[in-house]
Every structure is written in structure tokens, then in C-alpha cells.
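Just passing along the structure, written as C-alpha cells.
Which chain is which? They are A, B, C and D, in the order written, and residues in each are numbered from 1.
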Amino acid sequence: MVAQNIAFGIISGIVVFSALRMVTTRNIVHSALFLVAVLAGLSGQYVLLAAEFVATTQVLVYIGAVMVLFLFGIMLTKAPIGKSMEMTGTQWPIAAGVALMLGAVILYSLIDQFGSDRLTEGGKIYRTADVGDEVFSTYIIPFEAISVLLLAALIGAIVLARKD
Amino acid sequence: MLLNQFLILGAVLFCIGVYGVLARKNAVMVLMSIELMLNAVNINMVAFGFQHEVVSGQVFALFIIAVAAAEVGVGLAIVLLLYRNQTSIDVEDFDLMKG
Amino acid sequence: MWMLENAFLIPLIPALSFAVILFFGKRFIGADRVHVIGITAVSLIWVLSLVAAFQWTQRVEHPSPDAIAQISADGHGDDHADDGDDHAGAAMDSESGHGGGHSSVLISPVVTTYSKWWSNGGVDFAVGTHVDGLTVLLLVVVASISLLVHIYSTEYVKGDRRYVHYYAFLSLFTAAMLFFVMAQNIVQLVVGWELVGVCSFGLIGHWWEEKPNTDAALKAFLTNRVGDIGLLVGMIVLWGTFGTFSIDGINAAISASPGTQHLALLVAACCLMAAVASKSGQFPLHTWLPDAMAGPTPVSALIHAATMVVAGVYMIARLYPVFYDGFSIGTSSINLMALIGGFTALMGAGLAFAQWDIKKVLAYSTVSQLGYMVMALGVGAWTAAIFHLFTHAFFKACLFLGAGSVSHAAHHTFDMRKMGGLKKFMPQTYWTFVIATLALSGIFPFAGFWSKDEILLGAKVGQQNGYPLMLIFGCAVAFMTAAYMTRVVWYTFHGEYRGHGHPHESPKVMTVPLWILAGMAVVGGAFNLPGPVLEPFGLEGLAHRVQTYAEPSVYLSGLGLSHPDPSLSMALIGLGLALSGIIVTYLYFWRKMGPHGLTERNKYAKAGYTFLENKYYLDYLYNDIIVASIKKPIANGANWFNQNVLDKAVNTAGESARDSGRWIYKWIDQGAIDGSVNAAARGADASGEGLRTIQSGKVQNYGQLLFGAAAVLAIVFVIVI
Amino acid sequence: MIELLALPYWQETSIKLGLALVVIPTTSLILVYLFLFKMMAFMQSRLGPNETGPYGSLQLIAEAIKFLQKEDINPAQADRRVFRLAPVVVLASTFLLYVVLPAGPDAVVQNLDTGVFYAMAVSSLSVLGILMAGWASANKYALLGGLRAAGQLIAYELPLILAVMGVVIQAETMNLQGIIEAQATGEIFGIGLIGNPFILTQFLAFLIFMIAAQAELTQTPFDMPVAETELVGGYHIEYTGFRFLLFFMAEFGTAFAFAALASVMFLGGWWIPGFDVDSNILNILGPGVMLGKILLVAFFIFWVRFTYPRLREDQLQKFAWKVLIPLALVNIVITGIFKVVF
């Protein structure tokens, strides 16, 4: 378990650092790249939680598709190279206050509630096949709803982005 | 490993995401911060699923990823439309609903 | 028994053909050659259906031990238990012993559940096939009629603007009906039911460029939707009562303990009856059926003979224990189903007299005959109803295709006033049409005679009590059917030709199906001959084939369904009525006897005719009276309520408020409160000015407020709890 | 065999990783020499390298030394950190691909449950590096090349994954070893002599996979992102010296990896007819068999590359969305139906 704790520590450090840099950096492309780091780190955390399918999906969908889409969008909206533009609004102190307040209350309740609950060790590990079974039996209707949602999003995006 | 490790990581990321949504001027960055928040939720899902030995946690994480992908598609399309109409994606420029 | 267990192939093949025609028809196969695929597919399923039918008869005659149902040792099973042990050959032995009673070995249907379709909330939905004699019989009927219609259509819709679409839908229609008849559970039944409805919608509106056609399609669809509500509710009631979707399970549960769930079954049966009324054109939801003639004629033949409208009858037969128990068919002497069926039969026959459109006559004839079948089911004559369904399919298809042939010849009109004298131009069509007419009228020895006789007999004997009213209805309809069909024959084929152009006989590809169907109309009755007819020839073993093979005795024996003994007198009465119908009409038209021009002279007769011509004003009732009466009074009522109640209340409130306001203004406001109010107003103004700044129009400010408020609330909760 | 040695986990893993680190440059060098130098020269009737070493086999070393000697130039306007990171990301994607490629029953770095899916996922990472390179170069040609590459790679990732789905459905596993086993134990009409290489039942998927892989590798006829006649080199226009070498290595390394994936999924992988699937001897013979199959598949990839002219950008997109993806979906449907029915 030690190795996993060390891995968790290193990855979380990277993730939190990247997340902070993502919301503070003045360069939008850098911001996106930091988000990539966050997502990759989270993928690692999923592996620690024995959710390899979610981890792989995270890489494929988020890093492989969503982030590329973001970079695409950034480049299409002519992101300049360099730190010329101010990226943070004037009201950032309020935002920081709200975020800190929210963070404080969530952290307090988490520690209060779960304290030092250990993750079940040696419990049942669900592999990819189990996830598939569950999706296609219990959650078949949500799954179909998601496919309809994706289709609607596809059409919606095309309609919105068309020139004419 | 403690359950709280993951939950706290999720909480911290969520709050950073909230900050990003509230403080960043660029619409694309706001969208990215929303992605961060969704991911923070995801790690909670998977962690709780692991803790309670149910597979639903992973399933819902997958659903959230799918929904997030759809959201990015539509969100970016809207941003592109804004950029085309206003040649700006600064969210502070969009205050037509000012009271 | 491979075919019975893999019967899912039968609907699969036309479904594939549908997909192939639709997706590859135009570009890869060629729009004018798609019928090859359709015909190939349907011939294939025709062969498979025959194989299935043969294997089913094998299963009945030489039942393997696992095919024999376990007979519960209650009272109903007694008379079967005696020779239930030596089942080898028992089916043959017992045939004559019970006076035409069913075989003593109860053959359970082949139920194959392929897989769990999906599961939701702990309820599993299965997909599978339920094959028994009834299924097999319907398979053969549907496949045969569909095959002939496919072949016939190659000529009839040749060069149509939507040839590909037509054949694709024809395949899908067949597939849907086949899927429907072998549904393993009621969910599949509903799916098949709706699929059939959609296909009929597509085909009735095949020429959708003309408004009446789309209207007819819409009418058919919407009327069916009304009934579908009943279907859904009924199915849900069944599921709630028995906790299973399986048809086998529901039927077995009822027949194991009849009468225990009577109320639930009554509700379910009434709801399902609404569905039957819409699908099978029963009163009062029959109005869509004659309008459905807007589709191509071969489609009408398919709809009326094999696919769409028999779905309702089939559903009753399939879930017969539900109706038998729900309507107490065994003990009553009149019930809802028999009444609806009998009345529909009578009404349809009456309407058929006043139509000038040959297809509409046939349509009302179908309504009438379907009423006959429903009535037969209502009086407990299960076998008679299914037998009539079987024979009716052939001669009704023959009549429709004959009408199509006539219209093909006479410049695409269906108006009988523009026909006449076609006998000499198209003898083939004429003779097949006459044969089918005789069969429909119930003339010995054509197919209709045997099945109609059984229905009349069933109505007379009933189960524990006879059904006298139904018998009267049935006899009247028998007379009227013969009469109106003779009228059609007169107007279409005899007398002088009143149309224009030169009519000609249809090509072979149309007449051959006609002859095949006419042949079946002649010999179709042989499939369920009563025992006494065959006894002189020493062929009693061949008696009651439909009854032996098709009847799901495994369910019905538990209910104690009995079969009447054949009766010569009843047969003679039926035949006499039919003959007299023909003779009266013959005298009226050919010999010009009787009250010609009565409708012009006598205002009562005129009124009656108009009444018939307007289809009993049912359409007016639905469209103008019911809809309008719902629309108008509600609008008026709402208006009145608005004007008199709401307005008055508001006015009164306003006036009293004004009065009290004056008083308050004078005494309180101006005196004491004014100062403080002004102060408050100033305060509000100032705070509004202050709050205005947060209404910045910027999303992020709202977001800050939202998340801030959420955080504060969360803090409050954490502290409090 | 690895079990026989009974090494601790970390030693075993580091040995495997070390091997992989050696294998990757070697494999790309083999491909470059064999196909880019020798075969292209043969096909296009021109002289290939023939001076340095026997048959010019040392030419590669010379090239490598040449690249390493060159000056490492950073454009003045470039975003320095991203510019330097980009080739590493691309190469990392290639390295990660090798993690799951099996060369024998035990000869694999990590035998993942979701092997195929993982391979698809990490191969999509290279897009990120390319976009980074294109943007950070501060060069219009590079940016255009990057955008083109992103559009193309996303468009062809879909048919790639969908084609693989057919194989996954038939093998009932996403594990690459499992797929090989399914082919080895499969039967063709009851004859199990050569197993059931999925190229027979999934030929459509194989075709789609190869075409999509061609596009993923930005090889001709899908090489618009680096089209030298239009974009004077695309996203790596500004790269020199060993950073260019990294891109170059990644390209050929990925080609090798995709060829390996194709051999595993469609040609039966390391299995040799007549052997048990888990016999230890295959750990020795397997790599050789794999190499042979990979070179065969790679031969086709480069054959197409050397013979076809470049498509237009809109033709490229049209081909992916209107032809390949529908075909791949049809393939999945048919495979699914066959799987359920038989």
C-alpha cells in the first residue's frame, strides 16, 4: 500500500499544481496544456482505484478528443503567443473568496464525515467486462439516453457553428 | 489508502474549478474550468464505487465523461459563434442583460 | 422440430428483405427489379411456414414426452386423463370418440426464449417465439396471402413512382405481422401490433400526394391509437395481475385456476376489446377501415385478408383465457364481445348495400365478417372463429385482388356505376370473383359454408347457455351477405358496360393468383370438415383438422371449453338463408322484380338509404358532434366562467379595495403612516440602487452569487446539523 | 519464461522497460533502412544509400550523427517551453504504445485488460504534441499544419476505433493476448489448423484499419499536415537537429506499432500453427514471427506511401466521414448480428 500512497501523493501534487497554474496562467494555450496534465493525473488516480476502463476512457476522450477540441477552438479564435492578454477578471478576489469558502466547508464536512475511513482492501474489483455488463443491463436506458444526447449535441454543434 | 485522500483531492479540484469559472475572462477558459469541476466529481464517483464495491461508480463516471464531451462540443460551437458575432470571447464583454 | 424452435427466422427474413430493398434497392438492384427480393423472401418464408405447419402436425400426432402438458388433476382435466398415458396414437383414436371433441393429449406450445432483451427495475423483458397450432396457421395464411399479393403487385403497381418503397413496406408489413403472431410475451405483442399499424399507415398513404389518401392514412393511424391506449392499459393490467409478460404464463395461470381473478380479467378484457375494436374494425371504431381503401388494392387485400385487421381477432384468440374468464363466456348468454361482434357484423352488412365503390363494399364486408369472427369468439366458438379467419383470408383476398383486376381493366376506377358487363371482357376475373362470392355467401360446398355454419352452430349451442340474439344476428348477416355480394356481381359484371374505353382481361401474373385463391376458396372448407360428413367415406380421421391442430387445448381444457355436435338442420338453415339472399337479389336485378325505385318513391325508404349511405352518420358523430360538442361547450363554459365568475370576483375585489383604500388613505395613510412609508420608500430606493450593481448582466457575477450562496447555505447546514 | 526466472516485480518491469527502450529505436531504424531507403529507391528507380557500410546499412548511423550535430534552433517568437515539449509528447505517445504490444505469451511489458482500447487511447495523444508543435512554432505554416493534423487525426481515429470494435466483438476481449488466443483457438469451418486469423472474417475491418492507420501516421496519400509543397513541411517546419529526429523516430516507431497492432489483431500475432498458445517456446519464436508479420504489414503501408499521390483536404475529410465511418459501423452491426445468431 505504501507504493500506492507514494504514487497518489506524487500524482496529486502534480494535479493540484497544474490545476492552480491552469486557472492562474496568463497564456490560454498553457492553460489548456495544464488541464491536460490534470486530466492525465486523474487518469492515473483512476488506475489507483482499479478503474482501468475509466482511466483509459479518460485518456481517449478527454485528452485525445476534448482537449484537442479545446486547442482547436483556441487556435481558431486566434490565441496570441505570449502573455499579452490579461486573462483574469477584475473580480478575482471575490471569486477566490467564494472558492475558498466553498472549499473550507466541503473539506470540513468530508473530514468530519469520513475521518480516516480506509478504502476497502481486497474487496471485489470490477473489471472492464463488469462495467460493460452493468451498462448494458441495469443502465441500458440511461445509456440510450446518453447516445441520444450525443447525437443532439452533434447536430446542435453543427447547427451553431455553420456559417450560413 | 484513505477514502478521504481522493475525496479531498476532488474537493480541492472542484474549488479550483469554481475559481476558474468565476474569475477567468476568456470563455474557453471558463469551459475548461467546468471540465475541471466535472472531473472532480468523477473522482468522487469512482472512489465511492471502489469503497462500496459497486460498479455503478465507474458507470456513472463514464456517463459523465460522455456528457462532458457533448457539453464541450456544444459549448465550443457557442464560443465560436460568439467570436464570429462579437470578435471577442471575453465573458465580461457579454453583459447585454445588465439591469 | 427444428423449424418450430427456430421460428424466429420467419419474421427475420422479410425484415432483412425490407432492409435490403430499402437500402440497396434503388441503386444496386434497380428500382424496377426490387420485387425479386421481396418475392424470394416471401417464398422462402412460405416454404418455412409449411415446414413449420408440418412439424406442428407431427408434434400433435406423435407428441414427444416433453411436448405433453402436465394436466392438473382438477375437474376439467378429467375426461382427458383416462387415455393420457398411452399418447402414442392417442390423438388418432380419440378423434371420433368424443363426437369431434379435441384430442386428449394436451400439446403445449413451443416457447423459446432467446435472451433477456433488457431489464429495468428488476423486471426482465424477454424476446422469444411462442409457436403453437394457432401461430402456425397464421404463419401459413400470412405467408400465402403475402406471397400472392407480392406476385400480383408486380403487375398492379408496375411503374409506380414509389415502387421500391412499396415493396419495402410490403416486406416490413409481412415481417411485422409474422413477428406479431409469434410473440412470446405481451410486450412483443404490443411491439408487433404497433409495427403493423405503422406499416398500414405507410401503405394506406402510399400515394400521399393526394390529400384524401393522407387523410385516410392519418385516420387509420389515429383511430388505431385510440385502441392502442386500451391495449396498453389491458397489457399493464395483465402484467400487474400475473406478474409475468409471458403469454404462455398468463394463459396457463388463468386456465389453472379459472375465476380467481375475475375482476382484473374483466377490466383487462374490456380494455383489450377497445384495441380489438380499433384494429379489427369493430363498432364503434370501424370507420377507418373503409377509408383505408385509399391504398393500393393489393395492400387492401393484404390488410383485409391476412395482416392488419386479423391482428385483433388473433389477439383475442391468443389471449383467449383472458376474455373467456373476463367476459364469463362459458356461463352467460350475452356478453360484450359477442354483442360488439354481432352488431358489427349486422351493421357492416347493412352498410355494404349502399356503397357504389366496389372496394368499399368489400371493406364493409370485411368489417361484417370480422364482426362474425369476434362474435364467434364471444360465444365460445374458438375453432369456428379461427377457421373462419382461415377461409375468409382466401376468399376475401380473392375478392380484393379481383376488384383490383377489374379496376386495372376499367381505367382505375372503383365506381361500380362505371362498370357493368365486364363478364365477357374478363372471364377469368369473373369466374374467380363469383367463386369467392359464393364462398363468402356461404354456399355449399365452398369454404365459407363450413366456417359460417360452425359459427352459427356455436352461437346456437353456446357453452352452457345458447346465444339466441347472436344466432339471430348471424342468420340475418348470412342472408344480407349473400344479397350484397350478388349486388356487386350484378353491377360489376352483368348488364351493359357503362364506362369508357375498352376493358381487357388482366395479364397472367394477376389472374394466376386469383385462381389459386379461388381454388382455396373452394377447398378451404376441407380443413375442418365435421365428422358426420366424412363418415360415409370412411375418412373420419380427417375431420376437424383445424380444431385438432390449431386449438390450444392446453389452455382451453382448463377452462372447460366444449364443442357443439354438428347439426344438419343448422347447416340447412344457413344454406337456405344464403340461397334466399342470392335469389332475392337475383330476382331484383336480373328479373327486375321487386320494388325498384323504392327509394325515390318512399320517403322512409329514402331516409333509410340515406342513413346507410352516410354510414349511419358515425363520421359526423365523431367529427361534428363529439369533437364539436367537446370543443364548443368547453370554450363557452370557459368564457362564461371567465366573464361571470372570475371577472366579477376581480371587479368586486377591485371595488372593495378601492373603497377601503380611500378610507385608509384618508385616515391612516395621510395621518400616521405617510412619514414612515416615505422613509421606507427612500430606504428601498437606496437599497435598490445598491442592489442594482449586482444585476450586472455578467454571468460570472451571478455565478459568484450562486456559489457564494451555496457555500453559505452549506455552512449553515453543517453548523446546524 | 519470466515466471521461471521469478524476479521481483520491479526488476521484471525494469528489464521489460529497458528492452522496450532498446526495441523502439531499433525498430524504427529497421523500418527506415528497409523501406525508406532501400525499398523506395527500388520502387522509384533511384539510388539508395550504398556507400556507408555493407549495402549502405550504416547510413542510418551517419544520419543520426548528422542530426545530432546540427544546431538546436528555437525561433525567436516561439513559445519556448511548449516548443521543446511537443516532440517529447509525440514520442511519449509512441513509447506508451509499445507497453501493450505482445511478442510472445509472456513477452509483453504489461498485459492490460483493455489492451486495444489503451493502444487507441495513447495513440491519440500524439495529436496533442502535434498541435503544440504547430502552435508554439509561431509560424503560419506550422499552425496550419497543426490544425490540419488535428482535424485529420480526429477524423480517422473514429474509423480506427470502430474497425477495432469488430475484432473486439468477435474475440470477446479487448486484451491483445486474448485476441491472439481467440485467433489461435478459433476454427474455420471446423478446421483449427491455422486457427482463425481475423483477417478472414474481419477483412473489411482490416481494410478500414489499414487506411485509417495510414492517415493516423500522416503517410501519403494522407500527408497534408506535412505537405511540403503546400505547407513547406507543416508542423515540424521550425524543428531542427535532434528535435526533428524525435518527430522522425516517432513517426516510424508509430508505424511499427500500428503494423504490430494489425498483425496482432488480424494476422494471429506471435502464434505459430501447431503450438500451444501458452507454450514457453513461443516466447523465443514469437518475436521473430511477429517481426516477420510486422514487416509484411509495414511493407503495405510504405508501398501505398510510395505509390499514391496526395489527396485534397476536403477529400480526406469526406472519405473519413462518408465512407470509412459508415462502413465501420456496418461492419460492427454485421459482426454483432453474427455473434448473436451463431
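The rule is simple: contacts are C-beta pairs under 8 Å (C-beta built on N, C-alpha and C of every residue); 3 or more make two chains touch, one makes a residue touch a chain.
Owing to the predicted nature of the structure, the values given are computational and were not obtained by experimental measurement.
**Q** Skim through the chains and flag the pair connected by the most C-beta pairs in contact.
**A** After tallying contacts for each pair, the winner is A-B.
**Q** Taking each chain's centre as the mean of its CA atoms, how far is chain C from chain D in angstrom?
**A** Those two chain centres are 60 Å apart.
**Q** Between chain A and chain B, what distance separates the C-alpha centroids? Give it in angstrom.
**A** One centre to the other, that is 7 Å.
**Q** Could you please state the distance in Å, as a whole number, between where the Cα atoms of chain A are centred and where those of chain C are centred?
**A** Here the centre of chain C sits 55 Å away from the centre of chain A.
**Q** How many angstrom lie between the centres of chain A and chain D, each centre taken as the mean Cα position?
**A** Whole-Å distance between the two chain centres: 28.
**Q** What are the residues of chain B that contact at least two other chains?
**A** 18, 22-23, 91-92
**Q** Would you pick out the residues of chain A that each touch at least 2 other chains?
**A** 53, 57, 65, 69, 72, 76, 89, 91, 94-95, 98-99, 102, 106, 138
**Q** Which residues of chain C are in contact with two or more other chains?
**A** Expected reply: 700, 704, 707.
**Q** How are the chains arranged in terms of who touches whom: line, ring, star, complete or other?
**A** Its topology fits none of the listed shapes; call it other.
**Q** Judged by the touch rule stated earlier, which pairs of chains are there in contact?
**A** In this structure, the chains touch in these pairs: A-B, A-C, A-D, B-C.
**Q** Which bits of chain B are touching chain A when the two form their complex?
**A** 1-9, 11-20, 22-26, 28-29, 31-33, 35-36, 39, 42-43, 46-47, 49-51, 53, 55-59, 61-63, 65-74, 76-81, 83, 89, 91-92
**Q** What does chain C use to touch chain A in their complex?
**A** Chain C residues touching chain A: 116, 118-120, 700-701, 704, 707-708, 710-712, 714-715, 718.
**Q** Mind listing the chain D positions that touch chain A in their complex?
**A** Per the stated touch rule, the residues are 77-79, 82, 85, 112-114, 117-118, 120-122, 124-125, 127-128, 131-132, 135-136, 138, 143, 146-147, 150-151, 153-154, 157, 174.
**Q** Considering only the defined contacts, which chain B positions touch chain C in the complex?
**A** Residues in contact with chain C: 18, 21-23, 30, 91-92, 94-99.
**Q** Could you pull out which chain A residues touch chain B in their complex?
**A** Per the touch definition, chain A meets chain B at residues 1, 4-5, 8, 12, 15-16, 19-20, 22-23, 28, 31-32, 35, 38-39, 42, 45-46, 48-51, 53-54, 57-58, 61-62, 65-66, 69-70, 72-74, 76-77, 86-89, 91-92, 94-96, 98-100, 102-103, 106-107, 110-111, 114-120, 123-124, 126, 130-131, 134-135, 138-139, 142-143, 146, 149-150, 152-154, 156-158, 160-161.
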